[in-house]
Structure formats: C-alpha cells, structure tokens
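There are two complexes below, and they share subunit A, which is joined by subunit B in the first and by subunit C in the second.
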Partner chain A sequence: MDLGPYLLLASMEGAVQAAVLALTAVGLSLVFGVMRVVNVAHGEFFMLGAVLAWWIAHMVGGHPSIGFMVALIIAPVLTGLVASVIDLTILKRLNYDPESTIVATIGILYILQQLVLMTYGADARPVEAPFNLRFYTPWFGYSYYKLAVIAAAIAVLLGVWLVMSKTRIGLILRATQLDSEIAQAFGIAVNKVYAIVFGAGAALAALAAVLIVPIQQAHYLMGADPLLLSFIVVIIGGLGSLRGTVVAAVLIGMSDGIISVFFTPTLAKILATLLVALVLVFRPNGLFGARAA
Partner chain B sequence: MSKGAKQWGLHLGIIALLFVLQFILPAYHHGNLARIMVLATFAIGYNIAFGYTGLLSLGHAMFFAAGMYGLALTMKFLGFSAATGLLAGIVSAFVLSLAVGLLALRTIGVAFMIVTLMFAQSVYLSILYFGKYTRGDEGFVIQQADRVIAGIDLSNPVNRYFAALVLLSFCLLVSLKLIQAPFGRVLIAIRENEERTKMLGYDVFRHKLASLMISGTISGAAGAAYGLLFGYAGASFATVQYSIFPLLWVLLGGAGTIIGPLAGTLFMFYLIDLLSEITSAYMLIAGVVLVLLTLFARQGIMGEVRKRVIRWLP
Partner chain C sequence: MTDNKQKTNLTTRRGALKKIAAGTGAIIGATSMPLLGRYSQAHSSEPIRIGFQVHRTGIGAAYGRWYDRTTMAVAKVINDAGGINGRPVEIITEDDGTDPKRGAEIVEKFATKHKCDVAYGTLFSHVVIGSAPRAGELKIPYFVVSEGHHVASGMLNRYTLQPGITDVKSQVQAMAPFVSANLGKKVAMIFPDFAFGHNHRDYFSEAIEKQGGKVVAKIAIPPTETSFTKYFPKIPRDTDVIYHVMVGPAVLTFVKEMGEFYGPNAPQIFGFIDSLEAVDLASPGLEFLEGTYFWEGNPRYAQKDQSEYDKFYRKAIGIDANGASISDSKDVSTYAHMFGCWETMFTIKDAMEASGYQSPKDRAKMIEAAEAITTMAASNEHPQGDKLFNGKTHQVFGKQYISKVNGQKLEVVHTTSIEDGFYPDETDYTKKPF
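After this line comes the complex of A and B, so read on.
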C-alpha cells in the first residue's frame, strides 16, 4: 500500500481508539471534577464491563445482536451499581481524603482484578459483534461495526453533555462540583450525588468496554491500558473539564493509532508516555485547562 | 536516658536481634528473612520520600530496577566484578533519581503521582524494548561463580543472610540519623505544611530533591543487592506492582517511622505465605490489606505503637 491509504487506515483505527478512550476518560473526568477523587480503579471498571458483557452475551444466547444489546444495557448498570456500593462502603468513610482514596482505590483495583481472575479465569474471550458487515475502499476492507462504535460514542458523549448543561441533574452536579458545602447548605444530598456520580463514571467506562469488546477480547488484565490512557487524557485536557477531556481523547487516540503505524508498539508507547509525562511537568494544568487542580 | 540514646538503643537492639536470629531459625525462615531484609531496605528507601517528606510516588520500581539492571547488565556485558557491579547499580539509581527528581518535583500531589507512574512505565517498557540485552520478562540469571565479593560467596545462605543484614542495618541507621538531624526535621515540616516551610526560608525544592535522591538511591541499592544475592534480574521487578509493594509495606508498618518498613515487609511477607495455602491470588490479599489499612489503621502498625505505647519512636 502507498502511504496515503496506510494513513487513512491508521486514522480510522485511531478514531475508534479515540471514541472508546473519550468515553472512558469522561467517566474518570466526571468523578474527578465533581468529587475531587482520583479513581485508580477506573480501568478495572472498564474491565468489569467487558467481562460482564461476555457473561451476559454467553447466557442470553440466540442471535449475537440480542446478547450484545442486552449486555450493552445491563453490563454498565451492574458495573455502576458495584461502583456505587464501593463509594458508599469505602470512599465515603474516608471522607474522600485525596491520599487515602488513592491508596484505597489501588486496593480496590487489585481486589476486582483478582476476583475476576478467580471466577472468569485468565483466558481472553471474545464477544461476537452484533452485525458483521464490511465495506470496501479501493485498498482495504473495513468493518461497519467500528464506525458504529464511533457513532455510539459520539451519541453518548452528546447525551452526557446535554445532561450536564441542560437538566436539573446537571445543575445539581455542577453545583456540587463548584462548592460541595454550599450545595449541601442548599439542600442537595451531596453524599447521594457522590454515590451516583461514582457509579455513573464507572458505568461510562463499562459502556466503552462493551463497545470495544467485539474488537478486542475480554481479559482480566485489560484495565491497565485504558487507565493509563484515561489519566493522560484527563490531565492533558485539564483536570475536571469535560470538553478538554474529549478534545484530548481525540488527540491522544488518533496520534496513538498513527504513531503505532510508524514505530513498533513498544517504542510508540515509550515515546507517548515520556511525552505526556513532560507535558505534565511543564504544563501541570493541561494543555487546555487554565484552572489549578 | 535521653530520647536520642533510647532511639539508638532500640534500633541497635533490633539489629542485634536479627543477627542472633540467624543461628536459631530453621532453614526455610532463614532464607525468607534474608529476602525480607533486602525488600525491607527497598521499603526504607520508599519511606524517606513517602513517609517523611509526603511524596506519594507510584514509580519507585524504576529505582529498584535501575539498581538491579545497573548491576546485572554491567556484570554480564562489561565484565564488572560483583563489587563494582553493585556500585554501578547504586550509581544508576542515583543518576535516575536525580533526573526524575528534577522533572517530577516540578509537580505536586496527583500530578506527581502520575508523572512518577509514567516515568516508571517508560523504564519498564524500555527494559522490554531492549529485550536483546535484558531478556525482557524472562530475565536472566547472574552466574553463581560471579557472585563473590572479597572472596565471600554471596550465593551461600549464611553469607547471604549476613550481607542482607549489613545492607539493612546500614540503611536503617542512616535513615535514623537523617531523621534526627535538622535535615530530617525540615523534611517532616515539608510533609506537614509545605507553604509554611517555604515561608520560614527553607529551600523546599532542594530538600525534596535530596529526599527523593536518598530514597531512590537506597531503593536502587536494594535492587542491586537483590540481583546479587538471589542471582536473577527480570522485568517483572520494574512493573507497577513493584511500585505498589513498597507503598503497601510502608503503610502497613507505619509511614514515617524508622522500623515501620521492616515491620510491614515482615508482616506482609508472612501473611501472603500463610494464606498461600488457601489462595494463590496474593494480590487480592494485598488489595484487601490496602483497603482495610485506609479504613481502620491509617497510622500502620508502628504508628499505632507510637500513638499508644512508645511516644519517642522516631
């Protein structure tokens, strides 16, 4: 292939990456923005979504699209519930103290990961895509499902934006984000808001995982990469800014896809990791954020 | 007795106890304790940054790995002797901690945590990338014949125990001396209130840099010693897990206490050892302990001891 089609393929792959990454990272950003909590276990909620999707699709049977659609709804809801319970039983009792929450979520990371290893096993398992159509450019064939992933991610992100900016729920969330004490004084049940936000953040990660699981397989260690990438995205986008997060996700996802075409994956990862670390060092508020964390 | 004398007495007593133990312990525990002492040295290094200066690093595995590979690679490819290899390992960790410190310490809090995580990740990936030399995840063995310093064969269990004890004692006493000195007081002041320390006229950045470099160098010495005493270097020692372990050991033993890291490492090692009859998922145990610690025992073992029994515990 010539360079042109090669680049086209790379950017299409990058766009799928970016779509999934944006969903995952917005979940992390939402939790950080509203609760000021760094959730190190976020990648495990992603993994939980994928593993639950496999289980649900496996149990439902019938045409792959039925199992997938059921998983698309139930896996994020279940993951969200798990996260809310974790918030109420552990994080709330820590008073969301920054350092303790980081340590506790590291613990939760390993608990979830090992529990999945003990029940689901160490195998990587695929979920069948709901439909299996391809279209053909002059140079390569491409799956329609991947385009559907991008469309779905855009729809969900628009939904999140609408909820945050146009509804009463969004108003309550933004009030809590600005000043939780004043919000409480105005009769907002801040603890309830926190439990819901933590659950919603996890559900977004799980949703992203269900969307990607027909392309990548479900595996108990799959949470590490999304976690690191989400952190990168949230930081570069400016902590707590949803718009910045989406822009950064597109930037990182696309460039990750394109860089890995030209370099070996390991070298690409090394370069990307170092680059982002340096961005953090020299622009601690992110490339788009103006506010101090 | 003055407070300082009591502190020295206690820690020298612990070292003496460890010395005596080698004659009493059965072979299995004797071997375990040698390993624990090297890992506890790693935790002592971590404690200086995290426990005393308040720098929550999630990347200390890179210093451990720098020490380990600094020793192993120079011995394998440059024909260094064990002693010069050890020195090369320590120097590697020293240089790496200087470079990482200069960059990462420009950030604070969450950003510092993530920057250290990422630097450690790139060190780990680099080890994989240069798999031709490092043999990646598989790692490589350091030949038994080469593991000799001044005619002492360090692969022999008795000598190994003694070498581990010397390393641990040295680092334990250095950290005690450090914390008793005015320098250590400034570190604690930074942990408690960075702004106020700055206002009092201390150069916070230089103190933090020095703290991170001491911490990283001790961690590197532990890594080099681990490679030398147990004869193996592998990429698994550079993974995130090996950055989490010292955090876990220090929190369990008591962050900001001199013997906490040793207590935490000892306790965690035997907890996993005992529970390994029930489950092989030892990271599950580590996770549960981390959560329980944050919920119920924020001070760790020695922190609680200091609060309730021995008020002068450093």
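After this line comes the complex of A and C, so read on.
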C-alpha cells in the first residue's frame, strides 16, 4: 500500500481509538479530580456498559438501530446508578481515604467482573451496529460507523466541557475539586456531589463502551485494556485536568493507531508506557496538571 | 465455584458439610467392621474418575462450553451402555481459565486431590504445553484434544496422548494442495501469536512451498487483540490467497474487519473455521464470506450425505442441523473441534478395557494398550470418520473437510484422504520409560 492511504487508514484507526479513550479517560480523570479517588474499577464500568448494551439491544429487538439507541441512553444511566450506589455504600464509608479506596475499588473490580461472568457468561457477544455502511477507497474499505464513533465522542466531550465550564453544577464540581472543605463550608452537599461524580465518571466509561461494542464485542474481560490506557492517558495529561486528558488521549490513541499500523501494536504499547515514565520523571504533574491541592 | 462434579453440580457449603459428616460417619462405621474382603468389592464398583480440564473462562471459553457439553453427553452415552469395565464414569470438572500455569495446577489436583484415573480434555496449545510436563511427573495419563503438533513432535512425554483430533501439521499439509491448485500460489497468512498459530505458520509454509506456492506475508496477532484493521495493510497487494486462522473472544471482529477492509476487492480467502467457531455465519458483516473456503475438522452443517453416526452424535449432544444448540439457535457450537472429546472418551474406554484397567497402578498398562490401537472405524464412537492412530507418536490421523460458504452455510466441497495428512514420525514415545 502507498504511504498516503496507509497513513490515512492509520490516522482513522488512531482517531477511533483516541475518541473512545478520551471518553473513558475523562471519566477517570473527573473522578480523580473531584474526589481524589483512584478508581481501579473504572475499566469494569466500561465493561458493564458494553454488557448492558448487549442485553438491552437483545431485549429490544426490531431494527438494530432501535436497540442500539436505547442502549446508548440506558446503559450509561444504569452503569452510573450502579456506581453511585457503590460510592454511597462503600467509598463514602471509607471517608474517601486514598489508600483504602484503591483497595476497595480493586475489590469492586473483581466483584463486577465475576458477577458478569456468572450471569452473562464467558462469551464475547456482538451488538449490531445501528447502520452497516462502508466506503471504499482504491486501497481499502472503511466503516462509516467508526467515523460516527469519532463524531459522537467529540459531541459528548464538548457536552462535558460545557457542563463543567458554563453550568451551575459545573461550578459546584469545580469548587469541590479546588477545595472540598471550603465548598462544604459554602453549603455544597459534598457527599451528594461525590455520588453524582462517581456515577458520571462511570457513565462516561459506559458510554464509550456502548459506542465501541458494535465494533468490538461485549466480553467480561474487556475492561483491562481501557483501564490501563486510561491511566496512561490521565497520568500523561495530568490527574484531574480534563483538557490534559483529552490532549493525552488524542496523543496516545493516534500514536497507538499509527505505530500499530506501521510497526507493531506491541511497540505502540511499549512507547506509550515509556512516555508515562518520562512524563513522571520530568513533569510529575502531567503535561497539563496543576500541583495537587 | 470452579470445582464441581458432574453428579452434584452445585457444591453448597451446606452440601459439603453434609458430605463431610456422611464421610466421617462412614469411616467411623467402617473402622468398627472387619475390613477384609470388603475393599476389593467396593473398589470394582467405584466409578472411573476422569479429570476434565476445561477452558470454562478466559479466551477459550466458547470452546470450553461445548467441550463440556460434549463430554457430559458422551459420559452419559458410555454410562447408559454399562460404563467402562462395568464401572460408571464420573467426570470431575476443573476450570483452567485457559491459563497454562493454572492448567498444571489442575493436572496436579486431578492426580492428588481428586484421585482421578486419567486427566483429559485440554484444547489450547499453550495450556497443553504448560500442563503436560506435570502429568508426566505425576504419571497420570493425559488425553488432550488440542490439534497442536507438540504431541507428535516428541516435545511432551509418554503419558500425553492425542487420539481424538488430528494435529495442525497434518491438517495444513492436507490443505496445501487444494489451496495452491484452486485458489492461488501467493499466500498471506494471518495467525494467532502462540504455539498453535506458530504450528500453522511453520507447517503450512513448508507444505505450500512443496506445492510450488509461496507465503508472501506472515502476520502474527496476539490472541487477546480486539482491533484488527491495523494488521490488514501488511497484506501485500499482489496476494492471491489470504489464509486466516484466529482464536479468542474477538474472532468475529477479526473476520468482520477483514470484510470491511477488502469489500468486494478481496483476494481469495481460505480460513480455518477456528476463526468463526461458535459464531453464527449469518451474523451481520459476514456476507463477504460468501464463496470463500474453510477448513472444517467436522462439518458444522449437516450435509446431504450425513452419516447415521453424525445424526446420533448431534442428537446426543443436542445440536441441530446448523450446528447450533437445539434449545437456542444463536448458541453455535464449536463443531469442527469438539468431536475430539467424544472420540477421545471412547479411546480412553477402549484402552482401559483392553488393558483390564482396575486402579491407578494399571496406568502404564493402559498407555500401552492405547499405543497398540491402530484403526478406528467410523461409528457412533467415531462419528467424524475413519481414523488411524500412531502409537509411536501418540497422534491420530484422519480426514479433513474443505467447505465453501454457500447461502451463509458451509457446504463440503472436498474431503481429504487420511493419507494426505501423513508425515514421517518425529519421535517414538513407546521407547521412552514410564
């Protein structure tokens, strides 16, 4: 294949990955930024979104696009609710102690994974894409759905940015992120904010999963890769910085796509992890991270 | 949770307590009685315990589910016909998570904790390679259903046998003439990056070169990969045939993305059905496979000339004419592989009966009896077809099927002979000590 089309394909693959990764990582970053909780179970919320999407699409029936659209709304909401309940019943009781919450979320990771294994089973199951259209260049064909994923992710990220910067709830979130004690002193119900943020973070991961599940498939072990990549992205971008997270997701996603196509996927992972190490050495707070409060 | 027995599918804590209580009671009762003469009688009616190492979770789960169903079905058929040597067969199932380390632990558990007579049932080649040495050390016969060439290559040991399914070397050697004569000479190979895939890479390259063909690209993909488009540009433009074999939870994505990438301009495609085992061929996105070819170990769709044996076998497991579960047409089986479980169980039975197997001390005699087996005729016991067992290499040889996708079903277009898969012996396990 000539270099031009080769590069085009690599960039599109990279962009799809970057889009999904940005959504997932923004969820992780939001939770860390506001709550200072390192959510090791984040990948399992991603997985839960995909599995719920399969279930919903399976139950709805009819044209695949109906099931998919229903799943796109309900799966993230349900996942968010599950996460909020976990926050209220577990994390709150640990007083959001950093070490304890890490251990607790590791436990939640296994519980969610095993629950899905026991109910949904060990199979990978596909969700039908809402539309099955492709375009063909003289060198390769590509699915329009993948382009739609990129567009949807950009729209959602814009939405998150608008909420965070322009709305009252965004103000409350930012206030809590800056200093939760002062925020509480100003009458913000911090516990409620935490439950909402934890739910919203999980919902973003679930949304990313619903978008990706027509391309990949819902499988109980699918949470591991997004978790690892999200951590890489969040560390590079700066913990708690939404802008940094998005920039890092694009950087990692695109470089992963391009390096995977031109060289090997393993090399892409090696370089991403190396980048994390370098960032930790030279910019411990990430590319865009502010010094932790 | 992963440790359950066929008869008591759910081991609850209460159930376990009851059993311990009953067991303790029995021991106390027994010790107060004269024991002489009682043991041998009790012993002969004791079940034959077959330790079934299954990929219930992990990347081999779809295969595991069907290996499990096949094993339970064949155990029932054997038990209904009077068991082995007049003793009932008990299947003791352990999940290895498709993980070699766990596999070795499970073989040990079978030998020491469960007191199994034999271990059986492993599929994924890396798990076999990880587990077999432990079986050799513990001197427990280990019957694998794996396709890997590692048994016949001499890499394993006298206790490891593969009498139910042919190995990759034999399969690909039988495929190469068809590929080069009908599809093309320049082949690009896509295979999973572990022992099983490496067998494909090495032995198919060798076989196609003998046919005057050439492998123009070798693309290894990790079996845990989830996204595949990035690999397809590595296939050279002038490729005549894409040869694909893939395993793992993302096989459907793999084949779909191949279709997306090529669209209507695809080269010829020859796949091993592994790439779509347990996947419905009528899945959306697979339309492009129409007219392409697949290797099948056993034809998934009931053919026009379906044998009585195949009918019996399908019925016993509960599979319809499309190779799916009769209770759920979306639950597609791993039909091209799981017959190996069925046939292996009958070989275990034959070897035990030929050697007059009574207890684990007869294990060596049983291996010798298995090594003495040569022909296996097509029958209810061997529904896939005639086979020849090579006692020296511990490997069975049989027919292979090549099917064409026609109307989203697979139609057998060529059946190889058993001899097409022969190659010179690479080892002689019978000369190795027990």
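In this text, the second predicted complex is superposed on the first by the 281 of 293 C-alpha atoms of A that agree within 3 Å, B and C clash if a C-alpha of one lies under 4 Å from a C-alpha of the other, contacts with A are read in each partner's own complex, and residues count from 1 in each chain.
Simple rule for what comes next: contacts are C-beta pairs under 8 Å (C-beta built on N, C-alpha and C of every residue); 3 or more make two chains touch, one makes a residue touch a chain.
Just so it is clear, the structure is predicted and the values come from calculations on it, not from any experiment.
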Which superposed partner A:Leu117 touches (first subunit B, second subunit C, both, neither): both
First (subunit B), second (subunit C), both or neither touched by A:Ser260: second
Contact breadth on subunit A, by residue count: subunit C or subunit B: B
Touched partner set for A:Glu128, first subunit B, second subunit C, both or neither: second
Which of subunit B and subunit C A:Ser100 touches, first, second, both or neither: first
Contacts of A:Tyr194 with subunit B and subunit C, given as first, second, both or neither: neither
Touching partner for A:Phe68 - first (subunit B), second (subunit C), both, neither: neither
First, second, both or neither for A:Tyr136, with subunit B first and subunit C second: second
Subunit B versus subunit C as contact partner of A:Phe46, first or second or both or neither: neither
Touching partner for A:Lys269 - first (subunit B), second (subunit C), both, neither: first
Subunit B/subunit C common contact set on subunit A: 117, 266
Of subunit A, residues touching subunit C in the complex: 1, 6, 9-10, 13, 17, 64, 117, 121-124, 126, 128-129, 132, 134, 136, 140-143, 215-217, 219, 221-222, 225, 257, 260-261, 265-266
Interfacial residue positions of subunit A with respect to subunit B in the complex: 38, 90, 93-94, 98-104, 106-111, 113-115, 117-118, 224, 228, 231-232, 235, 239, 264, 266-267, 269-270, 273-274, 276-278, 280-282, 284, 293
Of all residues in subunit B, those that touch subunit A in their complex: 56, 103-104, 106-107, 109-111, 113-115, 117-119, 121-122, 125-126, 128-129, 240, 244, 247, 251, 279, 281, 283-284, 286-291, 293-295, 298
Complex contacts: residues of subunit C adjacent to subunit A: 56-58, 61-62, 64-65, 222, 225-227, 229-230, 232-233, 237, 249-250, 252-253, 260-265, 278, 283-285
